[in-house]
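Once you've had a glance at the structure underneath, I'll fire off some questions.
Per-chain residue numbering starts at 1, and chain names A, B, C and D are given in the order in which the chains are listed.
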Amino acid sequence: MSSLVSIVLQNTDDARAIIDAVMTDNPEAVASRYPAMVKIDSPGELVMNKASIADRLGRDFELQEIHLCLVNISGNIDEDDDRIVLRWNS
Amino acid sequence: MNVAANHTRPRKLNLKERYNHLTRGLDWDFSYQPKEKVFPFSDYEGIKIHDWDAFEDPFRLTMDAYWKFQAEKERKLYAVIDSFSQNNGQVNLSDARYVNALKLFITGISPLEYAAHRGYAHVGRHFPGVGPRIACQMQSIDELRHAQTQIHTISHFNKFFDGMHDPWHMYDRVWYLSVPKSFFDDAMSAGPFEFLTAISFSFEYVLTSLLFVPFMSGAAFNGDMATVTFGFSAQSDESRHMTLGLEIIKFMLEQDEANVPIVQKWIDKWFWRGFRLLSIVAMMTDYILPKKVMSWRESWEMYFEQAGGALFRDLSRYGITLPKYHEMATAGKDHISHQTWATFYQYTHAAAFHTWTPSDAEKAWFTEKYPDSFAQYYGPRFDHWEKQQASGDRFSNDGLPMICQVCTIPAIFTEVEDPTRISLRSCEHNGEKYHFCSDGCRDIFLDEPEKYVQAMLPVSQIFQGQCGGAGLSEVLDWYHLNQGADNCDHLESRDAAMWEQWHRSGKDPA
Amino acid sequence: MSVTTIGEYDFPSSDVVGNFHGNFMVHVLWDSHLMFAAPVSLPLPPAMPFAALTGEVLPQIYGKHPDWPRIDWAQARWELDGVPFQPDPGASLGDQGIGHKSLLRFSTPGLDGLYGAGF
Amino acid sequence: MSLEIQTNTLQQRRQTFAHIARRFGEDRPATRYEEATLDLQPQRGFHYRPTWDPAHTLYDKSRTAITMADWYQLTDPRQFYYGTYTISRARMIETVDRNFESVARRGLFDAIDPDWQDLVRFYLIPLRHVEWGANMNACNITDVGCGTTITQPAIFAAMDRLGMAQIISRLGLGLGGAETLALGKDIWMTAPEWQPMRRLVEDSLVIEDWFEQLVMQFFTLDGLLFPLVYEAFDERGIAHGASGLSLICEFMVDWQRESSRWIDAVLTRAARESSENAALIGRWHTHWQARGIEALAPLASKVLGDEGEGVLAALAGSLAGRAAKIGMPGEGAVA
């Protein structure tokens, strides 16, 4: 069985672009909406691509800007200049 | 010394390289003071570190980025706080009962943020590795942020509602606040590696999502935009802290096989201590939020059973297993919120927040959310007390409860196999008897009895005459609890009367 | 096991009997009566007769429960610090082995709380 | 607002928290700085002794020889709490970033005379290690200091020192890339001119009394080092085309001006508390000033030549002026 990795984001304007990018780039991801927040679960791995997010925002996006709307994570983080990957190694 | 000038423009560094140049090279091998004198606390716990540079920094934040992002968060947060108070946002809450969560927050949780600030400063000074030291320092200042943004948010509520007026005084004295206090005192009096296992891993990574995620979503649902904003703004730091928690655990486990049993022992201990501490959060989630988002049981399933399960499957490659007694904690998901609320209900005269019996709609919701426990064990209690209160005889418990030597919670929890039987454990150490609420707490004592014999149990302190006097009223004065205002049933409270007055002239709240 | 420390680490228990002004702290639990959330702790003089505990002290706490006046003390079952115990109502607490931080746990067969929920 | 609430029903029960009203002697509105700072540190009822220091309790007040009836008297004149602090630093670092960009765009590092570039690499880049030592000292004061009024500016200072170490590191990267940083560390470790400073920094890390550490770091050493390096050395550099460097180092100049307002206020209040405090502070300053001058003298000579000694003496003189204002006894009173 593959473990779920998760992120939770606030319902902010920037976060909507991130959520949209993440949902497009991770076809197996599932988004659940709660008051003021959205939780995205994905089996095994979840990728946040800088380019996809920047496309949707219509401006440059520094991956570290994700800190402005990130509420929670579950998974090992691997970050480079172009993407953040969350994954479990099991 | 001459250096050839280098006129070629340096290549643009990637994030990781830049971070390493800006942090990792800062320390040096001492020549004039022995390393053991500069870092005296790094060895005694028995954790073996062979290569501090192998630590993977969470998110690789440099100070320039830190200042900019954090300032942006602060600007946004204070705009919400200002707007909330200028518009008297408190009148648009779902109900005045909600505010009791904030009373617990400012007296029981904000002081922990402050303690974390100081604790992370301690490890941020004393770890020999630059990477973990900087991550801990950033967490230290973040935790100060959390304490302060909570104060500034709740400051407005304090102007209108009771029970929030003297949080720092209360934290040092009030009986139920010894639960969070002893938890943090325990971690801060441990060595740096245990502190990080306790707070960064067991508490932040495994357990605090249960407080900050469903509860804060609940705050939004109950109309408290100021609190959800500080809550989620704090969580945006928290994800960095959680990553520190996971990285430090992996680091210890990877550095030396001999570290594995020590780390497992700490995970076991701190899972159990954290689980007990969260009893209060369970009660806030289920009982204090008038409009419900998610039950404690559902939160536990989502954030511990599912997310924690994935985490421990990941760590199993190091030989780490799910914390000892995790199955008892999971069995408790049907009970602890109800048992804790029933306890505060009967000691409501001695608490700085109000209690009440749940409404019929809430009871129906509990029956649905807790099919295996509520209707059978807890609904009848609240029905009974509700009837008794209607007849003018609001129930209270006139005895003082027996306190667990380790978690310092009254021994209110029941045996897994029988929810009508109180769980008690005991032992003798140096000829003195000690009592516990559970196997988990007794194990913790037996491992370090010299530490836990020192615990300042609140009921013992009262009997010893350390709390302002022998009578309950004197003790409550010593707590700075405004009797007749801060305590007792919500129905009879000034808060409820004020709420009624606010809303009498307007339309019914939607 | 023992605590791992830097330097000597030997501090007295915060609850040594000498801190209680001549009293013992005694814990009492009435099983199956969760109207009272936890065992109660009581500061009691060691010379107090057991009958005073059941006749004068405990009614102030448990007297609010409808089962309390119906208790037949001859039927009550006691445990002292985990061991079955037959109290002597006339003897003092101290003389029958009830000590500082002892736990007295009792049940009242037939009186098992309300609503079948041990309440 | 969805409800029609008559404003006259929105009576406040209180203006601020009770612990602050007690300090004011009345219930009146408090500032965000006051609410975020006063009385936050736990005072009593600590459950367990630290296993790493069983001789003390958590938050033990006896970790310094300084005594204060109320540690919360040592307020910060800047009134920084986290929000105002980070917003202030974000502004300052945005200026630094803009200056880095403009220096790069206009090639201002390359415009520095090659010999002076070498000298900058020699005197400036090793300072990132001095800043790192200052970071550890500030962090230690946050750990064991008394009262949030002092531990709060201490953690801000800790982050500032890390931030300045990183600005210097970025200067190093601009002045030749990663090799410059490696070279700077080599100079720090082996150049004879730097060894008295390195010894001073290492000795400061093990100062037992945190208040002594506060005096040593933020009053004595900073009071000599910052004006020497970022003003005297910098001024000399202008003639060698180093104005780009000055732009970036404005952060340090501004920082120290601001920080000395804080440390002077703290020391003034502590010295006013008792003559014993004043004497201790004076003794500590005198002791560490001698060490500071010893450590800075070789660098001053290296950069300023024969004038170095005089410049350093003048800096010690202006520091003596600050010390007198603070209320430290003169040399005679100390002896």
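The criterion applied here is as follows: contacts are C-beta pairs under 8 Å (C-beta built on N, C-alpha and C of every residue); 3 or more make two chains touch, one makes a residue touch a chain.
Every value quoted in this text rests on a predicted model; they were computed, and no experiment measured them.
J.: If you average all the Cα positions, which chain's own average lands nearest?
T.: B
J.: Once every inter-chain C-beta contact is counted, which two chains account for the most?
T.: Max contact pairs: B-D.
J.: If you average the CA atoms of chain B and of chain C, how far apart do the two points sit, in angstrom?
T.: Those two chain centres are 32 Å apart.
J.: Taking each chain's centre as the mean position of its Cα atoms, how many Å separate chain C from chain D?
T.: Those two chain centres are 58 Å apart.
J.: Could you please state the distance in Å, as a whole number, between where the Cα atoms of chain A are centred and where those of chain D are centred?
T.: Roughly 39 Å, centre to centre.
J.: Mind pulling the chain D residues that touch 2 or more other chains?
T.: Correct list: 49, 51-52.
J.: Residues of chain C that touch two or more other chains: which are they?
T.: If we look for residues of chain C contacting two or more partner chains, we find 3-6, 9, 11.
J.: Please list, in label order, each pair of chains that touches.
T.: Contact pairs between chains: A-B, B-C, B-D, C-D.
J.: For chain C, which residues count as touching chain D in their complex?
T.: Its residues touching chain D are 3-9, 11.
J.: Of all residues in chain A, which touch chain B in the complex?
T.: Checking each residue of chain A against chain B gives 3-6, 8, 10, 34-37, 64-65, 67-77, 79-81, 88-90.
J.: Under the touch definition given earlier, write down the residues of chain B that touch chain C in their complex.
T.: 40-41, 44-46, 191, 339, 342-343, 346-347, 376-378, 380-381, 384, 395, 397-403, 410-412, 414, 419-422, 424, 426, 430, 432-435, 446-451, 453-457, 459-461, 463-465
J.: So in the complex, which bits of chain D are touching chain B?
T.: Residue positions touching the partner: 1-6, 9-10, 12-19, 32, 35-36, 39-52, 58-59, 81-83, 86-87, 89-91, 93-94, 96-97, 110, 114, 117-118, 121-122, 128-129, 131-132, 135-136, 139-140, 142-144, 148, 151-152, 155-156, 158-159, 162-163, 165-166, 169-170, 173-183, 185, 187-189, 191, 198-199, 202-203, 205-206.
J.: Could you please specify the touching residues of chain B with respect to chain A in the complex?
T.: 14-16, 58-61, 65, 69, 72-73, 209, 212-214, 216-218, 220-221, 228, 232, 235-240, 242-243, 246, 293-294, 306-307, 309-311, 313-314, 316-317
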